[in-house]
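Everything on this sheet refers to the single structure shown next.
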């Protein structure tokens, strides 16, 4: 760039600023439609957790998948490849992102002491310790090893477990093994209801 | 970046058409809402809000399944519910209420701002919110009562037909989500074809008045509707014969040109008058003016 | 579902009754619209409420809630009396021709063997006549007076149109239309499907509701067919999986049984649960029970399960009665329970008679809630005037609220209603410190194990023995767990590919035998994504994995006649061809078993056929019978006034006092889900809260006028158990029915009320409901109870 | 200089009215320019006087009110000058002579000539309709309370009224520039007796009446 061109450019710049200051700048080019918000987002396949149709989902989260980003899901839509829902989702499924990101999601273990009217945050370590203590005390006191006829029954009736029918099979197996190893019989799932 | 596929643009005349070089291969698209296949599940409504990142306030029960109570700047698609008795048989009728994407959009015609409302070559009518000034002309012009002005940012909002999805080759979010196939999406040609087929099917199934709602008054719509009884669209809360309102036509097609002529004529007459008649001055007030008696006196003195 | 979602498109008639697929399974319902459009199918909806399913029905018939059995037995009578029955199917594939013991009887609402004092039956007489080999006697001509066919005819004879409509309130004209539509599928080229869900199970005779329908399907020859079957639309995304996992009071994974007190040894348990064939040449698949059971024990106890210790059988707890959650809540209420772990269930709002449950939880020493959302169950001790009135200070329960992950934050498999095991992936980390359920139970188990190691205590062996040898025992990976579900060879750790490989000698382990084949040596079969449908019949064998053995239509052998030829060429699933069974689906039969040797398609039954006569399996009797809901708006049973409701109900102490009468509470009431919400989860979800912000009660215009209630008014709805305040939705969609000479008004209340969420504060409808329920399953009668309603000022 | 050149001056506009007038001119300019920018979208740049089109939209109704309210005040104050009088008809009939300055043929006229009285009436009517319709169409504050149809008609009426007002403004401006001395009259409040004699002869009588008071 020679000096002359430089001056020209400056002059042009000054003129443009002056014009724009007067509000006479030509309007911007037509804004294109809103940027497609999923470009580059990480896509993960999942299934809807609500009813038993088992619709396929595509979940989109920010971040490349690289180690330094914390993925947060910002959009969920139906998986068009899924042979049952073929992309469709009902009103519940279409709003799943607000379930994942609900302001009422629990974040930390909490404890409510007898008679107390408030929650206290506790660590997982303390939670496991305290719960296991309560369970063991109850089990040791109340496990029925033999029934009146002398048959080994090894059942623990004073603690029960109501299990979810929303969790995956794998958690279900862990729960089943956990519960039966302790001798729990009063196990139910919301499957009934 | 210009889309270069805009066929109508608010606030411009035919003398200054928008950039539309890239319309050659573009097909008109349409969304087909088949009320006879809808069960009012609201998937479309929620999918719309989800995709477009809209969250209306949580309302309250108003004696109907319809929630929110109406379309709003944060609700661009709304299911409406009506209980109709037809020949002694109860029918629960649902309306997918959203922008109709008229071929001849009253909103665009009424818009006060260049390019704030555009019509793409594929037929969708889209609002450019950065340009929108919130005059609300579109809201009052729309025969379907669709655009809503936000009290927060004073801009008009409505269904964009998910123009951002269309731009990358996807279908609108509502259509993708529809559980029963009551919403379909495709080229206008295909949609008209399948609508005709479906209407015939319905007639065979006993819906003698079934038909396609594609009102001519607005040049046809980008959302086509199959109704059980097309003779009574009011029962779906749809206008019977939607038109560009007379007020808009009168205003844009008559008042504007006549007004312009009037203004120019006034100015012209004024100029002409000025040129022909000239100044209208009070001579006495002019500098160097001598009243006649002074003048006569002066002349007399000169004679002396 | 014996069939699967896509298969609904093959139906000719779809009957939605005891469910509301359009609202509760909207995307599944999409396949109904598909059948209507592309298969010219008729949709019939029978429901107390004109619901969103009804909005698209060809015909809607109203019914009084709790009278489905009368309705369905009337259909059976109509089919038999008009000869609209698939006789070839009935004769070959059902127990119609089987002879029943002479001492079986039914009289005035009771079957033979009723013990009035105990409130239950001695079921001895509810069985076949056996010959000297132990096989059931049959009369192929169906003429023997004691054959099931004639007993059935006799049983349903009372259910003529006038009787049925007098009980159900369904107008006769509507009933006729429904009967004709169903009957139209008795031909071999037409098939019907019934879509049902909690609308049938939530009754004091839920199991019999479903049986009645299954009997119709057998009469019409619709089971095992494309577009037919018995299709329970499961509720939650993984109810099927949770049931498969045996998370029930008397179950173990794979529909194996938790032992009871009468089975002191493994041998006794296996003997009691391994059926003997009731007819010659039966597949009788449950004869493999010992293989499945021992493999399960191997998976449970690992190296600690040896033949010497009965593979750890004694470490399993045994039951003496059913401890379902209803029973356990009652025990809690009586102070007999100290602890409860509630995992992802909003028990307080979901279980009936909420006021009692609050007291029950207050009696606990400790309550552990695992949840991903803040639920009213974890906060039951918080006083909320009007909605949750408790004396916080006096509640001595220690409560733990542990944050759990949601579906999006973990990988694993869930099983849809069509038995498809689908694998999902993790998309993000959970918020804060939330953990998956398996990580939480691992943490508890390992801490308990540590305590037992340190301190000793009662029966530490199973806690020590339970096989928790995961790579990270604190957080077992889903892949390790799911491979364990599939099963493996103990010695080589090779994944098995079929449950046929399982053995009863301890050389194989499988935590859920029906899942065998889901993760084989070839890898994860549940993650397969080939959606190709080569037959065009909706069978996508390359998509995910359907248990058992990737079979998409159960009992598909029944789609062929006894000779192995399809009843209908257009509905061919499998056929006997060139010396083997083959087709578009995995044959549900021994692939080499010649039709001449065996033609009994219901291979899980000891007699290989479908049962019109249910033997001793259900508590109410081998045939369904109409009984009124526990709270009946007519207060009598027009068929037998001496036996108004089911005679074998489980009555907890004091519950009789919580049952209202029609004099005090004159209106029938039912509860249900709306499309916009999923139980109490979506009340925490903004988009759902916007779409349906508040609950209400639906009522008909006539009742509203009588009570001076206008649309949108506040009303008070009360039952014997409590009351709620809500707003009225006055609608034509509810209508008064004429029943037994009186007008019955039904109210309908969505069940999504919550006082602690993003929706408007609302009462739970379960303040009103009764804990009385089905005698077999314990499922409460949420769908039929009595209330009063009046206008309220708020 | 001759003593005759020292013209006797008369007060035609009081200070308050002059302030009002020029205030109206100023905000009216803003109002009309912004209004023009909506009426002729291609001339959106006219609205740039407000900064951005959005600001133009925001300011227009406020400026409009600021224009109309003092205008109405002025109209009230000038009402007594604008009553229709008997001799006004003769003047109207001689409008051609007025325009072509055939002075001898123009009937004498008072403080305001009938043309100005018509203008006065036009301003009264248009400022009322502009205000009322302006409120009805004012987004997002008032328009939501009216039906779309009412708002639609309000928009048309608003445009028509604005056009009429603008034409009268043009006439007003044209006359003011043509009839020299008018502008200085409005600027400084005073006009010469000669000017009055020429344009509003009867005003001299009125004025002496005033002085008599």
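When the chains are written out, they are named A, B, C and D in that same order, and each has its own residue count from 1.
We take it that a contact is a pair of C-beta atoms (placed from the backbone, for glycine too) under 8 Å apart; a residue touches a chain by one contact, two chains touch by 3 or more.
The structure presented is a predicted model; accordingly, all values stated were derived computationally and were not measured.
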{"item": "Chain closest to the assembly centre - both centres taken as Cα means", "value": "A"}
{"item": "Contact-richer chain pair (by C-beta pairs counted) among A-C and B-D", "value": "A-C"}
{"item": "Cα-centroid distance, chain A relative to chain C, in whole angstrom", "value": "28"}
{"item": "Euclidean distance of C-alpha centroids - chain B vs chain D, Å", "value": "36"}
{"item": "Mean-CA-position distance for chain D and chain C (Å)", "value": "83"}
{"item": "Chain B-chain C separation of Cα centroids, rounded to whole Å", "value": "52"}
{"item": "Overlap residues in chain C, where contacts from two or more other chains coincide", "value": "26-27, 30, 675-676, 686-688, 691, 758"}
{"item": "Multi-chain contact sites of chain D, meaning residues that touch two or more partners", "value": "44"}
{"item": "Where chain B touches two or more other chains at once, by residue number", "value": "41-43, 45-46, 49-50, 114, 131, 179"}
{"item": "In the complex with chain C, residue positions of chain B that touch it", "value": "36-43, 45-46, 49-50, 55-65, 67-68, 75, 83, 85, 90-92, 94, 179-182, 201"}
{"item": "List of chain A residues in touch with chain B within their complex", "value": "27-37, 39, 75-78, 80, 87-95, 97-98"}
{"item": "Chain C-facing residues of chain A, complex", "value": "42, 44-57, 59, 61, 70-73, 76, 81-85, 88-100, 102-117, 119, 124, 127-136, 138-140, 142-143, 145, 147, 149, 151-178, 180-193"}
{"item": "Complex contact set, residues of chain B against chain A", "value": "1-3, 6, 9, 18-19, 41-43, 45-47, 49-51, 114-115, 118, 126, 128, 130-131, 160, 163-168, 173, 176-179"}
{"item": "For the chain D and chain B complex, residues of the former touching the latter", "value": "2, 4-5, 7, 38-42, 44, 53-54, 56-58, 99-101, 137, 139-140, 143-144, 148-149, 151-153, 155-156, 159-160, 163, 166-167, 170-171, 174, 177-181, 192, 194-195, 198-199"}
